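Same chain, two partners: subunit A is paired with subunit B first, then with subunit C.
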Partner chain A sequence: MRRHVEGRNWSKVVAFIAVGAIIVASCGSSKKSATTAAPTGTGSQSTTAPSGTTAPSGTTAPAGTNAPSGGAHELVIDRDMDINSLDISASYCDTCQIFNTAVYETLITVDPADPNKLLPRLATSWQANTDNTVFTFKLDPAAKFADGSQVEAKDVKFSWQRLGNLKGSASYLMAGMKSIDDSDPTTVVITFDAPNSAFLPIVAASYLGIINSDVATAQGATDAADAATADKAGDWFLAHSAGSGPYQLESYTQGDKLVLTRNDKYWGAKKPAFPRVTIAEVKDSSSQLQQLQSGDADISMQISVDAVGQLQGNADVTTKIVDSYNYVYIALSPGAAGGEKLQDVTVRKAIKEAIDYDGAIQALVAGKGKKQASPIPNGFIGSAGLPLPEYNLDDAKKLLSAAGLADGFELDATYPDANVYGVDFNLMMQKIQQDLAKVKINLKLTPIQFTDWITRINAKGIPVTAVYFAPDHTDTSQYIQYFGLIPNSFWAGSAGGGAAGKPMDNPKESDLLKQALGSSGDAKAKAYTDAGQQMIDDEIIIPIVNTQLVLASRTNITGMHYSACCNLDLGLLGLAG
Partner chain B sequence: MSLLSTAPRLLVDVAPRSTWKSPWKRVTVIAGMTVTSFWLVVLITLSWWAPYKPLDAVGGRLQAPSWHHLFGTDALSRDVFTRTLYGARQTLPVSVGVIVCAVTIGTVLGSLAGFFGGWIESVVMRLVDVTLAFPPIFLAMAVAAALGPGLQNAFFAMVIVWWPIYARLIRGQVQAVKHRDHIQAAVSIGATRWRILRKHVLPLSFTPALINATLDLGQVVILTATLSFLGLGAKPPSPEWGAMITDGAQFFYQWWVAVAPGIAILTVAMSFNFLGDGLRDALDVRAKR
Partner chain C sequence: MPFLLLGIVTIAFCISRLIPADPLASIVGVRQMANPTIVAAARQKWGLNGSILEQYWVFLKNLVRGDLGISFRTRKPVTHDLLDRLPATLELAVGALVVGGVGGVALGAYAASKKDKMADHLSRGFSLLGSSLPVFWIGLVFLFVLYARLGWFPGPGRLPPRTKPPGHVTGFYTIDSLLDGNFTLFRQCLWRLVLPCFVLGWAYMGQLSRLVRAAMLDEINSDYVRTARAKGLAERLVMRRHVLRNAWLPTLTILGFSFAQLLTASVLTETIFQWNGIGSYAVQSANTLDFPGINGVSLFAGLAFLLANLATDVLYAVADPKIRLA
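Right, the complex of A and B next:
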């Protein structure tokens, strides 16, 4: 009659005892230490790459070998995946960068050891006209897709036009594109409406990888202006790929694993080292750590800095903490329902000054992170010289008092329930809540699923939320295009209340972006710096921590690196011995 | 010697000696009562003697257990001992509330179904069958996810999962009781059906539900913590035990952050189970033979 009997009570109790025993038994030293490589110097300007980012410290160039070095070893990577699509033109996520780079190839790529240096990939050479409106790329005649067909200009045109017309999150990368000339199969000429000095770094973004247009078109893909509604290839791309990269998609099971197989016909000089690469969905740092220690995983991508100390002394595992361009931030949206009190910029400034940044960095990443001045991350052009945020409780109270809010108020803080770059958003928002409570601002925390968060922020905005950002390419323009209060910027819309509101606007930022894209050298750097200052003054985006990255792998894995454009290029990995 | 003089002796020799021992003297039941009393005292008096406030940063980050912080501190420098004690204020009222609501709803619907039969029974029992067709944890997760995260929604989800158990139990008891002679006697003297149900049937049917309720309390405590652990229950920074374990899970080597609330769940669940066992034995007349 009863659905549950007393024995089941006991089974749960015993299970709890067992879990407790395992935790206690496995606890070791709580010592937290890690090696942090010293920061490198200022990045140099490249004539071919008008970007100018400082190389993340500790990143080393992967050893180049031409022969496959993996033998029969299958590579297993643990990662908390955030895949939104495996269609390169519709994808937009950190894991997508890894997948896109492994399966598709861009015309040029970024040297992992020096983000300012662009390297040839599908293109052998490239050049821009004097005002950066026309770019010409010569394709490598040896470049072949996985089906053996040649990579031609028509494929480039198809891929880039489709990226722009699908109107996905990464479509902004093709903004301003006027035309693409593919009359010569080995030459691509792309023309822009206005100067776009950021385009060469943009070409290295993983989303601009080249699709085999014949294969994709046969599956319903289109690059037409109405591609956003007419393209029917999204489902096909979940099980197939059509690229020229060192690996091909074998299978993908959401929430389980992404499996790639070697492209045996890979045309490039460095042959793929592993017959199969499995990216396994392993969400938490502890599980990733254990799998790496036991050898079940070759690479664990999201081990927290708190856990790195546990790997020290383990000769089978190599760990390194490197600087990255990734960061987490909170965003204030005056246009969102419930965010009316944020319409006064002094209130937003008070919130910014009420946050204890050093304490947050200590609490969230054990001090292994940096403060960041503006949405432009440390190391990118325009970041140098901007004032870092400072914790000033007294000033925050004065500002709130001046705004007539000395008695405090309540704000809705809905955010994605995520753990990104080693930062647990629940923890981060609790820390912010702790800090803001000191100025009598009561944050009402509500963690929700990422997909729900996207829906909500697009629809009506959220007064206070937490988000993360990793660069799509190595030019600063992306930060103004995404965070600036300019037309079509994501945060101009969301801060204004999403689809239900009116986008916020700061015309100075539009002008500064235009200036930067039409200039180079110091003039460009100054325009970006000024835009950074404008974004600081907007008080919409408040960076909390520029995180460092733990590179953790089995010692026999070679070529571990962090790439500014592509996260991790699987084609550069190998097996020692 | 007459038969009369030997009879009592024979009776003494032949009759089996009763092995029944009061459950309230059992070690497990005494332990259950002690621990439950401890948590009840904590629940009521905590505000007066708690060492710290549950949301305040009071020490260094992730400090190991010490005399100043018996269960150490968490990543936001909050005292884990204090938060664990305050967790009782989240979990225990919710758990008791869930059981009270589930028993109430289950008793009302189950007794109506069992006593009146017909279409009422068909509707109620099909509803019960449908609900019980799903594993309780998955159903609770689905309902909580649909309603949105929050302890209040988790409460509703758990009530939805739990009431059918009592409805089925009570219905069976009512069906067994309603044909007894004294009920027929009440019918024959003209008592109304409502009066018979309230005064004669329900009091005789309710004891098993009471025993079940005590035994289920431990399970509800675990389910509440589970939902919070999965992000479907209490919202941060609430010191709810399941949510605290979630926070601690990422600090595997700072074991105290997760173990302290784990111990709290363990003690509460076990003590309710021990109490339930004792209550069952005390009220079950067959166990006394």
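Right, the complex of A and C next:
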């Protein structure tokens, strides 16, 4: 009998604790309190046209500290990773940019504070000839790979030729390369078939990092013309690295984590701060937030802007909202089956004017985003001075009436079921569907998996779709090459109906790109601006929001930044105190 | 059994190939899909250039040799990927089975012994809650309350952050940490199993407890139980030796089936708790149309169910002397 009574009491105690726990848990914020750095909501990038990207020669190395500041603290970064390869020459993803920059080094890099300013890294100086066809780089004789061997011109030649010949997604960066002279171990001379003033910013792209060619070739890597089929080093790069950067690859478990260790022999001025860096696969924003709050993570890379408020009052966490060059857009494809009514540019213009951009930005990213004029994002050369899209319902109706479509029509809108840069594509397309319903255009929304979307857009195009874009480097040429109606452009083909159709063409854009690549300074900026205006007039690409980024880290992490070329340069991070 | 497995992999093969999407899109990327030379080279490299029948024939030939192919996504043999992730899933499934099995039997037996009393209603309510609440929701709520708010439990993941895994012997972190003599890590790994195992096990606990309760109530009213009571046997012994023992057989069937389900259906739990097991591998393979990965997971699921059924049959014979295996 006594045991029975004890059992009852015990049950009550357990029940009491459980109820108490739920009440405590649901009582507002946790005990961790104090002030959070308030989100500024202001961007750090200028929207005025910079004077050009012609690089200064012989710029001095950025100041850095010699002593590692991280001590024994191991850095943990939460991120929804999208790694397609850890072979720098075959990689092409946002997380790859972070990995490549930490493990490999480029000849020059971009100043995180000013995307149009180039800084030395493996090269101490560089110069272009007058017509931008020959580029000469002087390598830093102190530059060493992690195995202690010197970074030489032959490594640069190997890395760049391999990048081009592997025919991966980033191979386009080496298009037009004619030859590379590596006869002097400390001098690299690269020659192009045609003027290419974009090359210096391209050199700063993480994919152009330099591989230790002796190590890589010993593992089956090749830079020969048939590298796409002959190169056998892809598997080796999943578990090893051969770079000169501040960190080295320790291990990678797909779907789990990427672990880097400090390169103790790092040659650069700023020594890597952390003995170990783990990039953990954490898919959703709320988990990233929780782990940052608890201290399990030092940096969370994809916290949504509307979750920032939950961090207010937490002195252990610092958040800052900065401008980015990422954006989401919708694309209209007149050549796609079912998109015939879009062949009239007036109809495309009407669709553009029927979208309430401010309302969309408010609904999608809580107002933490900007309107964008053309496919060239705010802050890039050629973006300034272009007219921002405006919501004008009356004008949209008039345009449709003039096109004989005042009674409306239906359009297929198939898009990837994704949430990118904090924008839920389903929500965005529902908002656009509501807007277009006001001009009697009925969008039939079909969200599909990204792989299905790629298959379909390449095969026959999609009348209305939504996608996203982040820069590979800091030159504007990439936007014309991808979005412009020029030969081999992705969107010229897709808007024309993919493989089943005929690519669209706007010869003026080809001419303007050629002009820009052959010039520098103001002339180059003007050519890019004109190309931007042409792309606006095409009415194919309609940017919805240029998103902002949340930089969220534990307060003791220093050097948090967003870099246009490299996303996040781990070598610049440190630990306060 | 081989024919059953062949049927499973054939259906999985056909379904994956009939999806109107090209897996090459996730291999070569958006830009290069428009380049026919690159697409053709990739198609040849990954064995996607023949007809579906030709691809199926190659798949079967490789399968006979135990080769499930190379994953499009991880670039590693699928067999390696599955074996690599199996310990994580097994740790989770075994833990959940313990929670679900022990909890379910205990709760069901207790409810049966307290039929129509408050304890019965409460335990039935608890089990109903476990079987009806969505696993992903429970997981998220538990993480929010017990980890993020109260800090009583560790966060997601098999290991604490900034901790190296134990030396690889079995792949089970709990066992490997013990083999390393690292008891602190063992405790941490075990502690990290609690929340996901409870979340996963609760649903099965609910099903099992209701089954055990019903089976026990059937037995309680049997003549032999009345006889046992009439002989003056203590109620505790009547319940344990007679009622529970005879109610055990249907429970065994459910337990075997549940274990196979736990091995193959922990997709949501693995995703929420960042558990890099076969469930999350299945999701990633499906999302990227990783055909070899999809086929490998399908084969694993088929094997899991077949082996669980076999084990159940064997245990049946052990539990009930009247049943003899042929």
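Everything that follows uses one rule, which is that the second predicted complex is superposed on the first by the 513 of 577 C-alpha atoms of A that agree within 3 Å, B and C clash if a C-alpha of one lies under 4 Å from a C-alpha of the other, contacts with A are read in each partner's own complex, and residues count from 1 in each chain.
Just so we're on the same page, a residue touches a chain if its C-beta (ideal position, glycine included) is under 8 Å from a C-beta of that chain, and two chains touch if they have at least 3 such contacts.
Owing to the predicted nature of the structure, the values given are computational and were not obtained by experimental measurement.
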Touching partner for A:Q343 - first (subunit B), second (subunit C), both, neither: neither
Which superposed partner A:F490 touches (first subunit B, second subunit C, both, neither): second
Touched partner set for A:T555, first subunit B, second subunit C, both or neither: neither
Partner chain(s) touched by A:Q127 [first = subunit B, second = subunit C, both, neither]: neither
Partner chain in contact with A:A228 - subunit B first, subunit C second, else both or neither: second
First, second, both or neither for A:M429, with subunit B first and subunit C second: first
Subunit B versus subunit C as contact partner of A:D256, first or second or both or neither: second
Contact residues of subunit A, present in both the subunit B and the subunit C interface: 24, 26, 30, 286
Touching residues (chain side subunit A, partner subunit B) in the complex: 1-4, 6, 8-10, 12-13, 16-17, 19-20, 23-24, 26-30, 284-286, 289, 304, 306-307, 309-310, 359, 362-364, 366, 417, 419, 424, 426-427, 429-431, 433-434, 437, 445-448
Sites on subunit A touched by subunit C in the complex: 21-22, 24-26, 30, 74, 76, 84-85, 92, 167-169, 172, 228-229, 234-235, 238, 253-256, 276, 278, 280-283, 286-287, 290-291, 293-294, 296-297, 449-452, 454-456, 458, 482, 490, 493-494, 499
Of all residues in subunit B, those that touch subunit A in their complex: 55, 57, 61-62, 64, 75-77, 132, 136, 148-150, 165, 168-169, 172, 212, 215-216, 218-219, 222, 231, 235-237, 246-247, 249-255, 258-259, 262-263, 265-266, 269-270, 273, 276-277
Touching residues on subunit C, where the partner in the complex is subunit A: 19-23, 25-26, 28-35, 37-38, 41, 45, 73-76, 81, 140, 143-152, 155-157, 160-162, 271-272, 274, 276, 280-281, 284, 287-289
